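Right after this note come the structures.
Okay, so chain A shows up in both of these, paired with chain B first and chain C after.
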Partner chain A sequence: MPEFTKPYESRWQAFLLLLPTFAVLIAFLYYPGVETFRLSLQQTILLGTRKTFVGLDNYVSLFTSSAYHWSFAISVAFAAVVVIGTLAASLFVAYLLFQVDVGSSTYLIAAIWPYALPTAVAASVLLFLLHPSLGIITFVLESLTGTSLEWFTNGPQAFAIVALVAIWKQLGYNIIFMVAALNNIPETLTESAKLDGVGHLKMLYRVYVPLMSPTLVFLVVMNTIYAFFQTFPLVDLMTSGGPNEATNLLIFKLYRDAFEFSNLGLASAESVVLFAIVAILMYVQLRLSESYTTYA
Partner chain B sequence: MATSSTSESTLARLLPEDVDAEQAVIHGGLVLSIFLMGLPLLLALIMSTQNTTEVYQVTNVGIGSEGLSNYGTVLGEYNFGQYMINSVVMSIIIVVGKVTLSLFAALALVYYRFPYERAVFMFILLTLLLPVPVRIVPLFDLMARLGWGNTLMAITGPYIASATAVFLFRQHFMAIPASLVENAHLDGVGPLTFLWKVLIPMSKGMIAGVSVITFIYAWNQYLWPLIIMTDQSKQVVQVGLRFLQAASQSGLTRWGIIMAGAVIALLPPLAVLIVLHKPLLETLAIQQK
Partner chain C sequence: MSDIHIDGLTKQFDDVTAVDDISLDIDSGEFLVFVGPSGCGKSTTLRMIAGLESITSGELRIGERRVNELAPKERSIAMVFQNYALYPHMTGAENMKFGMKSVSDYTDDEIDERVREAAEILDIPELLERKPKELSGGERQRVAIGRAIVREPDVFLLDEPLSNLDAKLRVQMRAELLQLHREIDATTLYVTHDQTEAMTLGDRVAVLNDGQIEQVDPPQVLYDYPATRFVAEFIGSPAMNVVPIELHGDGDGVSARHEAFDLPLPDAGDLAGHSGGASLGVRPEDVSLARNVDGERWTFEAEVSVTEPLGESLLLHCLIGDDEIHVKAEARSEINAGDVIELGVDEERLHVFDESGDAIYHSSPRERTAEDVETRAEH
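So, the complex of A and B:
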């Protein structure tokens, strides 16, 4: 922070300027956030008219429920697939964008547009194009590979399809950050490595990826949060959690437990677990970015 | 001597071609990647012109007989005109509200001396730990108690304050030269005039960037509107896509209509991204820090 004397002293003016932000954050973020913890210790019966304190019962039923174990496990697996898939595909495109000699700004816009792609639009479009009996992409894939795509009834296939759509939507965001990181690498480094005759792939893994690592860590965290929190429309529109619970991600299970089965105490406990996940991820991001800045 | 000059000229002859070949591969790779990324949209555009019979002929990927009439049907008969208006109003309120509130908060954080500055900033930043799913049940309860169900307040209120926007404006203000600020103060300029006449003109790019990020984010909202808006006529366009899945004609799903709806629901954020990509990229570059 640059050292300069702050021009304004009035405390009540500062208070007034901060008040709207604070009012919204307290009313709609902190208050419900704290309430989630309180509700998670209660059981709601008779359509929410009566609440009783049940201690950690909701957590006990979560941690002993095989359905929840399953949902947790596939959510972690889903996040892993989405993170790795997104990073690999984006790195490929970003590296090409970095190396191209002419037209890079036109290519850039054409490559980052999925940043603007709403998740529900991505889901609707690919639900149709990958439809087991009507989808043109399904038809082409089946003719090329000789396998049959039956993801309305085949769990692992459904999981893969939903992950694929999740990756597609997330490419733009990742490419934006990767291209920026690549352009920040000092040109002298690139030149000297080129003189040594290092090949493209080797350059990528030996030189660029290590230098991009702060950005890559940031993207791992953001993509993981995305995979856990922003993928609800995909499951809701494409699979409704099926077949055989194969895509019943935590976020979808939470929605159902809360708003279909009105199990508010249990759903709040599920929210607390999601809070723990986001808190751990943010902490990791903070610690790692701190360690990078001390290096620099 | 002769050999070396031959090899040199061979090298000179080979090098440009070599570089061109390499660039050709890179261009080829880019065109292919971009084509694959855009292919689902291209197909959706084509299918949005087909009638149900044509859609059910799987290998038919020609322009259909409906032309643009599916768009008219989805906007009118399936109420997408109304949903689009609802989404536009919601997104604009969120953008304007968030930018205004965050500019005020950043002004206080950077240019005011007050106790516990650091704690106040942390209090704002920590809300990053509270995405909607973490507080969804109590937030729903709260809206019910306030009587805000099915109102614009319910889908905009919780979004108009933001840690990210405050953080970005704060970073930007801190980078503004101190001399400029001191001059302003020597002239006896009040804080709101200072914000309006000095800070905002110097922050146009950043304001545009935050607006794009916020608009795209707001437009993409799905889960919260789905829960809190039970009156279908007040719903946003993303959830409108959910209603469309039930659209059928003699038992056949009307995919042409659904594709038209999907294209419509994509256009506003896509247009915003294309027009304002420059400030967006500059703003995101700061966000990561």
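So, the complex of A and C:
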């Protein structure tokens, strides 16, 4: 039996080895977190040069603001569309990738490529591709469907376009995990089903999805975080929250409140609330999925 | 129940020929075992019959139907895998039903009835509501076998089904499989690398090597009359001793010459014309200490290099010239490494192989049954 050797010699050495990680976490995560919470209890003027303690006033004004209610509602709707849309589209693509025999790695690279693109770059490129009057995709879509895309001025269309782009951007990440999960399923299960003549679709939802469930839960959580936090560049570059507040997601609204309207205290309160919403959602997702998940 | 006809079956993977022109007829209701070392093509052959691998060339017929191009589900087969291939999120009963429900011509009642029957045959009614991770290896394999028999297939394929079980359970399951085969009476093809399993289970055993069939025969025939040197050494444990000899014929008969002995071969007239190198094969249990051989018999000397007590016997590694042979002596014999002992052989149990490895002589001629003559005539 190989002898177990500790990678460090004393408590002090262990502490020193952990120090860089803790230093980064404290400097960039815990300290800003605490500061944000402190700031959320204050009224700030002139970019935070003057502060006064106002207690829970910022929170009260948030919960009574109809603009905030609206932003909350569309953020939740946006997250639901993005999470479900991403999972469904990725599952479809991943299943095809899993089943294809020839050139599978080429297809895989093609499918995950969008994920390698920085979000801001993707947003700028798609802004042109989907531009209501100049976009080549818009042109094709309009000639195929006979409708006219006016998402610069049409709220629901703008919401749909941003959600679509958000889904497209997140596909690669989901597909990597799903293909890996599918490949982890013993091949003899597939073969056994082939002998029984089980159809592809039935196989997917009766065997593969249940066996992939731990990965799917993980992806639901990651996609939720993505939909709430990481879609900021898309909104910023494509719609700036408009038209008519249709894409004014919480993450974008708090940025505007902080840096356009210089209301740092209020924006900090929004940050704290957003954090709480996502934390609660994640907790609920993990608890709910526990009973459905098969850890083989 | 169906018979299976395999004609010139070949499987090519890129530049490797995994199965090379195999021809074989399997009778309806027969239990045929494919045995051979890793990579001999036995599993590939089974998978081609199942339809999980495409057939490069040759023809496969199940019953009267050519099935080369048929999808697995249309071949009326069921397969049991080495790793059981149970769906981990389904209970035993759900596992057994899942495939049945895809074959849509059964009603729910029929399916329940069949699952219940299969569970009774396999003695697992209490396991039906448990999931695979709550079952032991043997129980899982029983559920997997149950899943195969509920479909009442014409052909039953088993790919090393006992290899993941511990030794004791393996012996028990072996007996159960035989009993099950008698009960359901389906044509059964069984793949294993374990020659004991092959010998105990098969009505006939097909020994494969390098993608080709070396010999297909009932177990005892395979043991007593190996058609090739490969079969001789593969079947039987410890393996048959094979030493190089020169065949030497004169007026009195033919003898096998080795630097350590000159052994007269009884009734070896056919070998008189054979010149050049050959090998002599004799099983460890057919070599014995000279004192146990009848008075006038021919004997030779050997030096013991290693002794292995096997419990029921003592296995001796003996040097004769540069070659080592294994000898099974009585347990508790007073023999130690370094001793020089006098050995004799059972003259009715000698085999000679030519340079290409084909058997050219068995000292007791193989009795030809009517069936044998028939199969020989076919070839």
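Simple rule for what comes next: the second predicted complex is superposed on the first by the 270 of 296 C-alpha atoms of A that agree within 3 Å, B and C clash if a C-alpha of one lies under 4 Å from a C-alpha of the other, contacts with A are read in each partner's own complex, and residues count from 1 in each chain.
As a convention for this text, a contact is a pair of C-beta atoms (placed from the backbone, for glycine too) under 8 Å apart; a residue touches a chain by one contact, two chains touch by 3 or more.
Computed from a prediction, not measured in an experiment: that's the story for all the values here.
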Per-residue contact with chain A, leading partner among chain C and chain B: B
First, second, both or neither for A:Leu195, with chain B first and chain C second: second
Touched partner set for A:Ala73, first chain B, second chain C, both or neither: neither
First (chain B), second (chain C), both or neither touched by A:Phe139: first
Contacts of A:Tyr255 with chain B and chain C, given as first, second, both or neither: first
Partner chain in contact with A:Val60 - chain B first, chain C second, else both or neither: neither
Partner chain in contact with A:Tyr8 - chain B first, chain C second, else both or neither: first
Partner chain in contact with A:Pro210 - chain B first, chain C second, else both or neither: second
First, second, both or neither for A:Ile280, with chain B first and chain C second: neither
Touched partner set for A:Pro186, first chain B, second chain C, both or neither: second
Chain A - residues contacting chain B, complex: 1-11, 13-15, 17-18, 20-25, 27-33, 35-36, 39, 92-93, 96-97, 99-101, 103, 107-121, 123-126, 128-129, 131, 133-137, 139, 168, 171, 176-177, 180, 214-215, 218, 225, 229, 232-233, 236-237, 251, 254-255, 258-259, 264, 267-268, 271-272, 274-275, 278-279, 282
Partner chain C, residues of chain A touching it in the complex: 186, 188-189, 191-199, 202, 206-207, 210-211, 294, 296
For the chain C and chain A complex, residues of the former touching the latter: 50-52, 71-74, 77-79, 81-83, 85, 87-89, 98-100, 102-103, 133, 151
Interface residues, chain B side, partner chain A - complex: 23, 26-27, 29-30, 33-34, 37-38, 40-41, 43-44, 47, 55-56, 58-59, 61, 101-102, 104-105, 107-115, 120, 123-124, 127-142, 157-158, 160-161, 166, 174-175, 178, 181-182, 184-185, 191, 194, 216, 219-220, 222-223, 226-227, 238-239, 241-242, 244-245, 255, 258-259, 261-262, 265-266, 269-270, 272-274, 277, 281, 284-285, 288
